[in-house]
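Two complexes are shown next, each including subunit A; its partner changes from subunit B in the first to subunit C in the second.
Let's look at the complex of A and B:
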């Protein structure tokens, strides 16, 4: 799977107009660069070789664990990944945790108060959350909290005077909360549906007939079972930890892997594009495995090896 | 009376010339007919476009050269005149069914609006035009030149192109019209001869009549349609006080006296910080903040790029024939790591610039003019015959094989780099050296902290020959046109920068904490007209 996808991505880059060298030269200075200079650069970067040769060279070095170097600046890709992935994970994990806790809680409340004003309000909020683009929320949040109220920074992740992780909290609040807001809406809708489904099951009726307290029925019996599809949803969101914050990274000038990916695609920096793409694929495949394992752990009915 | 006679003769001669070049097309492409090109220029109302789309922040252009001492008098008037445009098109039997293909490479909304406006103006005189944004290898799609630089056919497939020429020195506007170098305009021996003339001396007074001549000739031929002169806008927050320091063409390096600026709070925030590496300083000469403050040059220019004095050099001497240039370095210069700056570093920098491929044309022309440059570049020699130096005397002499009229300007922009840190780097992979992760120069500020893609911090260099500045600089990785300028400025996270985006200028002017200063720069936006036959 990884091999096929890597070839397709490489082919896509090959078919895209221009190459890394043509992106290094600004159009306004392009007429002052001679053909000989361009050819010399292409030769220096190995771009004068055939597509298949270049792909093979990239593939063999990748298999040997060598991700190569960024074409633009010659920086080791492993180094770029080591700097950008933590930034993205930091942002996404905070967003995932908040969105999961808040989304599940609101979803359960909504289900338990089905048809009430609370339920209707949360439903409308949920619909708005999944419908409004995140860059819009992002810009509104900047306007309000960074520019008007000046409570939080407008963007960026680090500043020279930051000494520890606590210093960085103001920077992460806006981007992570905006990202969480979008994810909360989905989790809430999913948790509500799942909870409603569970609450109509026979074992809930049985529990009630045994005189169990309502909170115990809802939390221990209802929510635990309702959690299974929610966990699946969260599992499916694991790839978002790496690739889901691209737009927010752009809006908040967050130096993560998403904004680096956009820059590398624009610059036709194919070693960097290839490595990030493959990492995305790897994360998706890994997430599928994690979902299967988590589902089996939560719901005994889907455990492997049992009838 | 004599003046009047001269004017009448000049006007008559001019009219005769116009009629002689406007006879008919020179090949199967109707755009090779000067009457059609004149009509296209006259169809566009740049005054109105300037007042509306550009909010009055541009100057309509009447030739490639910006207004100034080199502007030729009595240039032909191609200002908005739709009646005349229709008449010229009728005379040229313009094919009303032909649809012109206009290309451009700016992705902003203002350019899209301009294209729509031009399309409407052309439609008004009976010319159909569509437009498209070039993507990918823009350089090749725009600038590939025909194998036959006189008869064509064209090596590119557009009819019209919208773009710009940002020049540091005025020759840059015309050198690319030399036979075999221009993608749209067929080679012309007269033009070639005029280009030779404007490159024949380092004395501006000698060159002045030659610039008049080539300007007049090109506008008579109308092989481009100049649209407008773009201004550059420097913006500063109310934290910054230049203390009388000059404003100038911020895309390049000039004497802005930054060591005397006052910055309240002690830290100046700006953009153009590094994302993945610091760009080497010989290509985009003054675009990035590190180009301006980390590196130093031998000479210094004023805001209009005229050499006005020395920086690293204690003295210099350009021979009267312009073929030998000697510098003597100041005593006690050091790089930021404490190593002495010697003339060997100057020689090393020049030798490396001969081979490094990503190079500004100004520098490329100068280093290519040094005796022995070609042999060194092709590897047949290991040294450059025209570079001689004596480390103890701090003197380096450059002997030229051909005159370079802008050699002094080059050395106002050419950063001197440390051989002890870059000596092992292959010039072809110059930018890929680790050096560019935290470069070391000899300029007014040194880099103390780099968090790639977050910020870079620059602190005053105590051993700078021009004195130590009294503030730090923090550069964030945001750029003109990336959409972050306005929100950063509004949030108090931007104290200095420059832009050419008039929409940003309007937004910045509306902020209490920001001011903008317009600077006239040699930056001409134009419409290229394909005169070769179609491929």
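Let's look at the complex of A and C:
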């Protein structure tokens, strides 16, 4: 699967307007440069070989861990990735934790008070959460907390001379909260429907008939059973979150993989665009495999293949 | 023999049954359920207001959305300019209206077109099975293994920016979900008896799957179209906000928001980006309300 996609992406970028050489020369140079010089440059970068040969060369070096170099600035791509991936992971995981906690508790509350005003307003709020463009929300948050109130920094990840873990916190609060709010709505829905489902089961009635206090039923029996599938589903959203953080990273100038991707798309830096998008595919495919295995382990009704 | 009260009741029921055919009754139930859903009705009303406002934009605003007027730049909202003016003196209210045209057109257009592609492939492949189905499934899997925004950005970098390209990209990335939905419905409908009956009549595959099976799969598809409209509008806004969507000279909601990347604009000229953001949010929210209302009224399995 990954192979097919890598081939398609390579093919697509091959068809994109302009080859690598035309991006390397400046406009002033372009008017004076001769066809021979251009050809010599293509020769030097191996661009005159056939498409398949180049794909094969690229693929083999990729498998060996050599990702090549970015066309803008000539930095090794592996170096860029090593710098940006931790930043994105940091942001996504914090956001995931926030959204899971908030989403699950709100979802359970609205399931327990089903049909009440709280439930309805939470549902509407959840829909508002998925409807507001995340970057608009982010901008409002910047204006409010960073510019007007000056509580938190506008963006960035770390000031140069602050290395302490605690110094990172103010920077991560805004982007991760904005990101988390976008995720919360989904988590809330899952939690609500799963909790409703569990509450209508027979063992809850049994517990109630034994005279157990309502809060113990909810927490010990309902909560625990209901949240297992929810947590699995939320884990499944991590790759989505990594993709979804792209725009937020840009808004907050977070030096993660998402803002790097946007920059490389803007600069038509094809090697970088390609490597990063393949990495996303890799993450998604791996995550779905892991989730499949996890659900099989947790839920005995799901079986992988024949047994 | 005198009629008992039970007989009278039955007479009444029969009368009602005879006066309306069954199908209209079913449809009216869907509509009445939809009408009873306050949020959905509210969504539909606001949706229509915004839609009509953008369609009749030239009547509502005396300004030209593209005309630069440097004498009146960066004015705060007033009676003359409801949402103020932007960096080059263009009336923001007018731009929101005209931008809405493009944004809604992109959202709705790509949702419907990608649904058409997805349904056309999904129905046929789901009904026929075999190698067509295998290939289509593989292709949709390829598209679905990217996070959506990443795939869109990748394709933008390959094809370059234009209105047409963006819609094409949305269709390419969006048909997969619709295809899966249509296919799944078809797989379950395929085993129903009426389909086997139709087949035994010797009807062509085409007629069976598009004329007889498709209407039974339509309601989840309608819901999906509304939800993907909302999603496409958001994606367009996000892309244009980054400056990677529709070219900047065409006003769209995202392009108007683009100025807010500048921290000075963000801080001092709230009217340039605030109202647009609110309009987008409200519009998408309404589309989501409609979609939710549609699902509640057509799908009996999703109650509560």
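A few notes on this one:
What we mean here is this: the second predicted complex is superposed on the first by the 256 of 307 C-alpha atoms of A that agree within 3 Å, B and C clash if a C-alpha of one lies under 4 Å from a C-alpha of the other, contacts with A are read in each partner's own complex, and residues count from 1 in each chain.
The definition used in the following text is that contacts are C-beta pairs under 8 Å (C-beta built on N, C-alpha and C of every residue); 3 or more make two chains touch, one makes a residue touch a chain.
Just so it is clear, the structure is predicted and the values come from calculations on it, not from any experiment.
In the superposed pair of complexes, A:273 makes contact with subunit C only, with no contact to subunit B. In the overlay built on the shared chain, the residue A:196 is in contact with subunit C alone; subunit B does not reach it. Of the two partner chains, subunit B is the only one that A:255 touches; subunit C does not reach it. Contacts of A:90 after superposition on the shared chain: neither subunit B nor subunit C is touched. By the touch criterion stated above, A:142 is placed in contact with subunit B and with subunit C alike. Common to the subunit B-facing and subunit C-facing surfaces of subunit A are residues 16-17, 142, 147, 154. Per the touch definition, subunit C reaches subunit A in the complex via residues 39, 141-142, 145-151, 153-160, 230, 234, 237-238, 241-244, 257, 260, 263, 266-267, 270, 273, 277, 280-281, 284-285, 287-289, 292, 304. Only residues 16-19, 22, 24-33, 37-38, 40-41, 43-44, 69-70, 72-75, 80, 83-84, 142, 146-147, 150, 153-160, 253, 255, 259-260, 263 of subunit A touch subunit B when the two sit together in their complex. The touching residues of subunit A, counted against subunit C in their complex, run 1, 4-5, 8-9, 12-13, 15-17, 114, 124, 127-128, 130-136, 139-140, 142-143, 147, 154, 193, 196, 239-240, 242-244, 246-247, 250, 261-262, 264-266, 268, 270, 273, 276-277, 280-281, 284-285. Taken in their complex, subunit B has these residues touching subunit A: 105, 134-143, 163-166, 172, 176, 181, 183, 275-277, 283-284, 357-361, 364, 426, 428-429, 431-434, 436-437, 449, 451-455, 457, 474, 476-478, 484, 487-488, 490-493.
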